[in-house]
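Both complexes shown next keep chain A, but they swap its partner, so chain B is in the first and chain C is in the second.
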Partner chain A sequence: MHRANHHQALLLAYAGAILTATLVHEPRHLALGLLLVLILAGRQITRILLRTLRVVLLFNLTVSLGYVLLALLRHISPWDTLILINLRVLTLTCLTFLFIARVNLFQALGFSRTLTWLLVLAYSQALALKQVHEDFRLALVSRTPIRPSLRDRYRASAAAAAWLLDKGLAGAHQTALALRSRGFFDA
Partner chain B sequence: MLELRDVDHRFNGNLALESVSLRVSAGERVVLLGTNGSGKSTLLKILDGLLTPTHGSYRYQGEDISPKRLRERGLNLRFRREVVLLFQNPDAMLFNPTVFDEIAFGPRQLRMPDVEERVRHWAQTVGVAAHLHKPPFSLSGGEKQKVCLAALLAVEPRLLLLDEPTSALDPRSTGWLVDFLAGLRITTITTTHNLSLAPELGRRALVLGENHRLLHDGPIEGLLGNLDLLLAANLAHVHKHRHGAVEHRHWHAHDWQ
Partner chain C sequence: MHIPDGFISPQTYLPAYALCAGLWWMGMHRLRARLDEATLPYVAVLTALSFVLMMVALPLPGGTTAHAAGIALLAVSLGVWMAFLAVSMVLAMQALLFGDGGITALAVNALAMGFLGSLSARITWRLLRPLHEGAALWLAGWVSVVLPALAVALVLGLQPVIAQDAAGKPLFFPFGLRVTLPALLMPHALVGVGEGILTWLGYRYLTRLRQRHAT
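After this line comes the complex of A and B, so read on.
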């Protein structure tokens, strides 16, 4: 019970921190927030930072490039906006990875049966799809003695996407039926 | 033909295989038994060079099979041509627009001669010749599996690995597949948790236990007569029976007649 309360308190703190980071528009404050998150990460600082950079790099580069182009067209300086956006995304992503590393979501959402149920469904679906995706990838490796062409890779990706979509729809339908059968939709 | 030495495998720290050592000679028909989660599929993926053991070594035809060695074009080409794996989910293997292209994919990649003749031969052999111009996704589960088999056999492999090939088949398709595999003249390693099919799929049985270790490596008859081993591997179980007023308990492997 004590641990569950601890996880719920961290969930609340996380929600508050996300809201604050979204509302703060002063880059120095955001930089301080990022520093605080990294200090809280302790020994996991390198792992969390690398993971964050890997995830946000493409997104941040694309958005930054867009702002730079826009600023050039309008003859204004892009730096203030660029620093603010990049700092905010970095802080929010680092914070989320720190939260995932420290908090057991199942315990954090333990106060609501419905949320726990939905989390279980989402988690099990994600694990199943991850396994399936890995199988599709390995099957392509197994069947290609020489590096597959771009066309073959597109075809394999399209086949995997179509299969996952079908599977996802069928799974969602089954889940909805199971939930209905257990009275989830009853008033 | 192949040798595993003291192989361990872990996924994110979770044990999947432990201290597995085995040798398979050319022409052998091996059946790999074990319950769900015992590591059968992992073992097949290691044998197909798709996963690398966390510890231990794998040699195929005297060559070390490791990610570094498989980056050598010559070895990779030979290995991928000679060792093929039928995945448990045939959909994972199908991505070409037609059944013809699916079967022709391997031979085309390897620039083998007579691709069209080869495709027609294997399509005829497995019984999908009538579907050659259909998209593979439009076929039934059993037909998809036949297409996958034809696609794998069209590159003339020396070692065929089959992951639970009968798990999604109806009895008629299962019968066809067992007969078909019995007629192949190549080395096969087939996983199953179906005891009744095991003697049909191989003369030599390997059993993976729930502790992810090899519990048995020997003739299939030695396994089927060893109740303690079957119970230890969770391939048989004990449960209650009621005959009128009398209740008793004895062991079962329900699929084994």
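After this line comes the complex of A and C, so read on.
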């Protein structure tokens, strides 16, 4: 119970920090915020920074280059806007990865029994199915010495989706029986 | 359609969260009324399936890929409210457990993809089903992708107007509607074709599986 409250408090603090970072429009303050998040990350700083860059790089690069082009056409300086937007995106994304690393979301959502159950069931199923999806992808790669054709990739995707649906429904039936036998629906 | 954090202003995401919270509450209320040993795991499993479907990349000519979402399949199979909750759960899991998609964009995405996508798909399917089930399913899938894309394009494209500094420079997403509408609608009109086919095939396959599991 004590731990659950700790995680719920961190969830609230995270929500507050997110709101604050979107209300601040001064790049120096956002840079300080980013520095604070990185200090709080401690030994995980490299991992969090790399994950952040992996997530935001493509989108931010597209937006930034597009805006530079637009600014050139309009004869305005793009740098103030780009520094502000990119600093904000970096701060918020690093903060989210720090939150993911430090907070147990299942305990943070412990205030709702239904929500926790749904999250636990969906997350456990998603992890299992994600692994299966990766297995299917690797199976296609390992069985095709040359690059698979578009038709082959469509067929592989369709077979994976069909298998996942079948597995999902069978899993739903088993989970239903397990929940009923443990009295979950009696309350 | 996944928007990272930092591109949506608080003037947009706070009202979106308020609206979403009301809809989530209504959805949970309706779900609890239907909650039993059949519905709870079914919703959880279909939520997980939607999560994985978003990872199954559909190759497009030219080397690019697009992912399915399964929103129309959820809407025609489970109804609007359950589909809305399921898609919201997927988006929340992606944002808070895997860091994919922004937390500030979560409510906007949930409203656009989860609510508008599910509602438009369900209405299309219900209206056209008596005429031709296959066409109704395909169009439900197409609409469930294109209408949310339109909504997200409007939200993003209005950011420079909603949030700007004293000099008129954008504080969040910097492009207007002239950029966002074609940039989002054109690829999603194509993605919708694939989503429509997925909905049609998925629904037929799901119906067959249900009959097999029932016997």
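By our rule, the second predicted complex is superposed on the first by the 139 of 187 C-alpha atoms of A that agree within 3 Å, B and C clash if a C-alpha of one lies under 4 Å from a C-alpha of the other, contacts with A are read in each partner's own complex, and residues count from 1 in each chain.
One rule holds in what follows: a residue touches a chain if its C-beta (ideal position, glycine included) is under 8 Å from a C-beta of that chain, and two chains touch if they have at least 3 such contacts.
Only a predicted model underlies this, so the values are computations on that prediction, with no experimental measurement involved.
Of the two partner chains placed by the overlay, neither chain B nor chain C lies in contact with A:32.
Using the contact criterion defined above for the overlaid structures, shared-chain residue A:53 touches neither chain B nor chain C, since it reaches no partner. By the touch criterion defined above, A:162 reaches both chain B and chain C.
In the superposition on chain A, A:13 makes contact with neither chain B nor chain C. Look at A:138: by the touch rule set out above, it reaches chain B but stays clear of chain C. Of the two partner chains placed by superposition, A:69 touches none, neither chain B nor chain C. In the superposition on chain A, A:61 makes contact with neither chain B nor chain C. Touched residues of chain A were counted for both chain B and chain C, and C has more of them.
Judged by the document's definition of touching, chain A residues 132, 158, 160, 162 lie at the interface with chain B and also at the interface with chain C. Those residues of chain C that touch chain A in the complex are listed here as 4-7, 9-10, 13, 28, 31-32, 35-38, 40-49, 51-53, 55-59, 61, 68, 85, 89-90, 93, 95-100, 102-104, 165, 169-175, 179, 198, 201-202, 205-206, 209-210, 213.
Chain B contributes residues 45, 48, 50, 73, 76-77, 80-81, 84-85, 87, 89, 91-97, 105-106, 109-110, 137, 151-152, 155 to its touches with chain A in the complex. Listing the residues of chain A that touch chain C in their complex gives 18-19, 22-23, 25, 51, 55-56, 59-60, 63, 66-67, 70, 80-81, 84-85, 88-89, 91-93, 96-97, 99-100, 105, 114-115, 117-119, 121-123, 125-126, 129-130, 132-133, 150, 153-154, 157-158, 160-162, 164-166, 168-173, 175-177, 179-180, 184-185.
Residue ranges of chain A in contact with chain B, taken from their complex: 132, 135-136, 138-146, 152, 155-156, 158-160, 162-163.
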